[in-house]
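One chain, chain A, appears in both complexes that follow, with chain B as partner in the first and chain C in the second.
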Partner chain A sequence: MSRGRPYVRPVEPYWWAHPPYLAYTLREVTGVAVAGYALILLAGLIALARGEAHYVAWLNFLKSPWSLVLHIVLLAGLIAHVWTWFRIMPKTMPRLSLGGSIMPQTLISAAGLVLAAVTFITILLLAEWVRP
Partner chain B sequence: MPPDDAPGKNAREIPIKVLRYRSEIDREPVLQTYRVPFTDDMSVLQGLQYIKDHLDGTLSFRWSCRMAICGSCGMMIAGEPKLACMTVLRDFYPGPLTIEPLAHFPIERDLVITVGGFVKKIESIYPYLIPKTRRRLDEGEYLQTPLQLARYESFSDCINCMLCYAACPQFAENPDFIGPGAMALLQRYNGDSRDGAQNKRMELVHTDNGAWSCTAVGYCSEVCPKLVDPANAVNQNKTRSALDYFLRFLVRRADASAGSSGGAA
Partner chain C sequence: MKRSPAPIFWLLFGAGGMLAALIGPALLVITGIAAPFAIGISPGFMSFERVAAVAHHPLGKLVLFGIITLFFWHGAERVYLTLRDMHVGGKVALMQLCYGGAAALTMVTVLALVAIGFH
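Coming up: the complex of A and B.
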């Protein structure tokens, strides 16, 4: 079809660092923060199963300044993940119908973000409530 | 030259850098700067036409309808995939404005890219309705409710401009990825309640070059000039492909014997 010599441009290796892709990059990177939280909770569960001494050691780790810094970083990562994830969510799912028409994507995103915020605040209040 | 062919004396001027590639003389693409007078109502496409008519007749670019329906004039305008007819020069004043051919495609010449791969993909997805059951003329139309229409309607708005491919980093990595545009057209038929050839098209979706090459970047839907939402089309097919995988032992596919022979040898 082509009589010339088509020129293939090299793939830009740092495409993920450019503005249109930053939300995507942030979403994928902060997935590590979600896994980090899960691992810390899993470690607590294992410590609990292994006996009181292990569990107290885990609690002491949580109180350490390193752990506080880690948790601030993880929280920031998690919030960024929640924000970027619920914004893409409507694109990743079948079109839902509501009262005979297709549900707007902004409504699905907003519902997800509200649910996340309510869950976050509820857990915070529960933690305060059960504190000895 | 008709009197209204060029902007008047009080027009502003903007430098436009165009990525040029003439395979007979250039080893690789080079930027060439043109100073283009423009008025507030002029599109980037009109700027390119000014260059071709008044400054350099050797500049090549595709265009046809100049009103965002033919899908010919997609190009990288200041680094973003856009239709040149749908973008105005005044937004980039004082410039310089850089115009390059659509990213991720081979350059044929100047702003003209190779579209053969995309056309092949479009052809491969059975881009036509294959009714579940054929109706005779005297049986009347294939009926559809407004909700059934809404499930695929945006996917039928695609004008094949390929901006979504220029936005897709996965297509850049793997040119065989069927990509957002062709997948939107695939979903236009797969999502149609009157169509009965989903299993045929899913054969393409299941492969490494099908839906699973997508990592849900979402930029394809952002650059789409027709709000087709190709990212949604690709990801609906991921869901469907995953369901097919997990339910393959439970659900007998109606036309499993037809068309999919010679797979596992």
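Coming up: the complex of A and C.
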């Protein structure tokens, strides 16, 4: 006996390139920015292992306009990551209840974003403080 | 039933994502913009001697290892799930590409940290 063919809803192959899914796609692309920045750090680490001349070459690359453009693009990606990360956090974690009432999602997101701003400023101040 | 390895990758994704959200932008501004172009930070901030001293110390190695590899695993999970949703390829092939790539870069990070040496 034939069971027939199950109905498969047609899916537009480039659904991810159009709103509202485009926002999802852009959020996922921030992961590439995070890994891309790690790749730059790893290149520096390898240069460090190969000796001072290689490390200085890596530093000189960082001083190039290409590197500056690359870092500005990656920074935009990282800032988008921070924003989306804490906007989604209340949806991915168990519900928090304080004093019998459930904490609103916007409050959890706001707390995360404030924490990110505080760590951002603190790290920059620390870098300024430990300057040679 | 066979246990799924998904929670391990999800944990690494979450740890890397939280770390990137809290220290990523500040770290990038320092190493990529402020230090190389001497904006607010002296150019000697990332000198060979200073960075080598950090990378030689076991604690410095641990911090560098944690930051770099967790960022890789975060990106790998995002790319893997997105390519799966885009129906770009089979599950095994995408796992090999994304998780395999992150694992290979983790190995390279370890090798670089070992090659730098210890005090």
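Just a few scattered comments:
What we mean here is this: the second predicted complex is superposed on the first by the 116 of 132 C-alpha atoms of A that agree within 3 Å, B and C clash if a C-alpha of one lies under 4 Å from a C-alpha of the other, contacts with A are read in each partner's own complex, and residues count from 1 in each chain.
The criterion applied here is as follows: a residue touches a chain if its C-beta (ideal position, glycine included) is under 8 Å from a C-beta of that chain, and two chains touch if they have at least 3 such contacts.
Being a predicted model, the structure only gives us computed values, none of them experimental.
Residue contacts after overlaying the shared chain place A:95 against chain B, while chain C stays out of touching range. Contact with chain C, but none with chain B, is seen for A:59 once the two complexes are overlaid on the shared chain.
Of the two partner chains placed by the overlay, chain B and chain C both lie in contact with A:16. Once chain A of one complex is fitted onto chain A of the other, the partner contacts of A:79 are limited to chain C, with no touch recorded for chain B. Of the two partner chains placed around the shared chain by superposition, chain C is the only one that A:71 touches, whereas chain B remains out of contact. For chain A, the partner with contacts to more residues, out of chain B and chain C, is C. The interface of chain A with chain B overlaps its interface with chain C at residues 11, 16, 28. Residues 16-18, 20-37, 40-42, 44-48, 50-52, 55, 64, 67-69, 71-72, 74-79, 81-82, 85-87, 105, 108-109, 112-113, 115-116 of chain C are the ones touching chain A in the complex. Across the interface of their complex, chain B is touched by residues 1-2, 4-9, 11-12, 15-16, 20-21, 23-24, 28, 88, 90-95, 97, 100-102 of chain A.
Considering their complex, residues 21, 23-24, 28-29, 80, 103-104, 106-109, 114, 116, 146-147, 150-151, 167, 169, 172-173, 215-219, 221-222, 229, 231-232, 235-236, 238-239 of chain B touch chain A. Of all residues in chain A, those touching chain C in their complex are 11, 13, 16, 25, 28, 30-32, 34-42, 44-46, 48-49, 52, 55-56, 59, 62-63, 67-68, 70-72, 74-75, 78-79, 81-82, 85-86, 112, 115-116, 119-120, 122-124, 127-128, 131-132.
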